[in-house]
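As written, the chains take the letters A, B and C, and residue 1 is the first residue of each chain.
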Amino acid sequence: MREKFTYALGLGGLLLMIYNLHTIFTVLPDEAQQGAIGRMLFIHVPAAIAAYLFYTIAVVSSIAFLIRRNFAWDSLAVACVEVGTVFTFVNLVTGSLWGHVIWGIWWAWDARMTTQLMCFLLYLGYLLLRPAVSEPTQRGVMSAILAIFAFADIPIVIMAIRIKDIRTQHPSPVLETGGLDPTWWPPFLIGIVALALIGSALMLVRLHQETSQREMDSLRRELHAI
Amino acid sequence: MYAVAADRVWKYFGDYPALRGADLHVKKGACLALLGRNGAGKTTLLRILARLSRPSKGEIQVAGQLGYLGHGIGVYDDLSALENLILFGELQGLANPAEAAREALERVGLTRVKDGMAREFSRGMRQRLAVARAFLHHPDILLLDEPFTSLDDKAVAVLQTLLAEALAGGATIIMSTHQIREAMELATHVALLERGKVVYAGERTAEMLADPGWLYRTHGESPA
Amino acid sequence: MTGGIRAAISIAKKDLRTEFRTKESINASASFALVILVLFSFAFDIAREEFYAISGGLLWLVYSFAGAMIVNRSFARELPNDCLDVLIASPVPAWSIFLGKAVAAFVLLLCVELLSLPVFGLFYNIRWLGVFWPLFAIMMLATWGITVVGAGLSALTVNVRLRELMLPALLYPLLIPVLIAAMQLTTALLGSDPVNLATDSEMRLLLVFDIVYTSLAMYLIEFILVL
């Protein structure tokens, strides 16, 4: 039952994505200033939004684990952090490609990309910490606290980089200025939904894997105790 | 009514239950010898009672001030004996830590070396310092995890004297132990922990004193 | 509450006393800072005018490396003889233990920073005496940010494998806002740019970071220490 649901979610997301890509590549004209590469927007920005969505679920889940000590919350947290990190990585890579085409450089230290890089490093640390702790309760508590620390840093980093006013070559944020062509909004929003669905499917797969791993570990311990 | 009460305490490490509904009730003024094989959950239970660890399920009630002596001696190598005890006195909120520290050093026979660094002490001296630390604030309840393990004879004598004094002063003692003989001499009650459950709890009988292994044989599991 | 503060002071004094007796982390940290200062001099051509532009960055890089070494020892020094257990078992509240250790680490790091500053000025021909007090204010705020997060992570990783590698890997990303702000402010000060510390938004950022993470750490330390 659960597997069917996961497959349905993933398939739905994939189909939506394919439909969206079809629209993006065949229906829409090239963007005036950027040319063909402007279409990168449809993956680049939704990836970042999806990442933040999953990071938010992760921190809520972490707090729930600290209070309830139910390992389902811990598994949910790590699954969400992993998916979020993957999306952040997609965001970084697409951003880099975009930059290479537009400005000729692989990495421009602009405000937004630096924030994204920092997020990536923060949550990479989380993923590095987990295997280093073998005892599940300890691992769960430490990961939860690290997730809270990491999440609290995101707004502060955004503040810091905004103040520092790093060379803002980054195209003006379309969500804030609303300067996006009206015909581009539907694929953009659909892109977010599609990525969220795919991400959720991946997260559920990871969640199932975590639960199975925990069961195996506990059975192994019981066996040793006999 | 009870000085220490543990009701249906479960402790999971991951999905493995180290304690499975352990029940323990110790009256004030009792001295409980907590027996059990390695891995039975004695250290886990004591740590939970000392508030070092949260129980996964169940209730703990402890009425009074605690003194804890675990596996490690719990003194700082780079402080002198006196400095160590003054520090712990301050942390216990004593009115006059320096006075209490000096008194404690005298009770364990370390006054002569009060200004020596703990790292320079012999093993027996370090253990006596640890005992001084645990008894420093005259706690109502003492939790000791295998306190007689690898003590030299001088330290054993000091510990037994201090324990007897504490009992006479109305303290409650729970001590886990493998050295059944020393423990049985002082104990008023015994409990046997097996696989995370208390399988026997009652008064120490003459039988147990005469034959310390009796309890394991009658109530414990047969060795695999 | 006051009992907790008093206990924190006792613990801070204990950490400082043992540290000044053994000098284990302050020696390592100060030597490391000096070595890095020397090494960096080979990396850059210290033509006066251009160098001022990166002076703040360089200084805070050195300080953050030194800081990681100091906070690493913070809770680790409680491991021998199971002293951490005794502290937790005592009536002292968890936030009090944390505060005492964070304050001790803060003092130690500040000492290393103050020792490195004249050396930095010497090697790189940077004039800093004229702006010492504003610089000190920045050092206080940023150093507290480093030590409060560092001490928290030290408690978190105290029983973890490869702690010495894990702690810096977790620490530096979290400190990015602090380091950015401190570097910017320091560069501005050393380069004699007008900086009004009272109104500067980067100072406010440091303050926000310090308040947020001090509160978070003091609240969450209970969960870290009593598993």
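Some observations on this one:
Here, contacts are C-beta pairs under 8 Å (C-beta built on N, C-alpha and C of every residue); 3 or more make two chains touch, one makes a residue touch a chain.
Quantities reported herein were computed from a predicted structural model and do not represent experimental measurements.
Across the two candidate interfaces, A-B and B-C, the one carrying more C-beta contacts is B-C. Relative to chain C, the chain whose mean Cα position lies farthest away is B.
The distance from the centre of chain A to the centre of chain C, with each centre set as the mean of the Cα atoms, comes to 31 Å.
Chain centres here are Cα means. That of chain A falls 50 Å from that of chain B.
Chain B and chain C have Cα centroids separated by 39 Å. Shown for chain C are the residues that touch two or more other chains, namely 227. Counting partner chains per residue, chain A shows two or more touched chains at residues 137. Those residues of chain B in touch with two or more other chains do not exist in this structure. Here chain B touches chain C in the complex through residues 47, 50-54, 65-66, 68, 70-79, 83, 87-88, 90-93, 133, going by the rule given at the top.
Contacts from chain B toward chain A in the complex involve residues 12-16, 39, 56, 195.
Within the complex, the chain A residues that touch chain B are 69, 71, 135-137, 214-215, 217-218, 221-222, 225. Listed in rising order, the residues of chain C touching chain B in the complex are 3, 6-7, 10-11, 14, 17-18, 21-22, 80-83, 85-92, 226-227.
Listed in rising order, the residues of chain A touching chain C in the complex are 66, 118, 121-122, 124-125, 128-129, 132-133, 137-138, 141-142, 144-146, 148-150, 152-153, 156-157, 159-161, 163-164.
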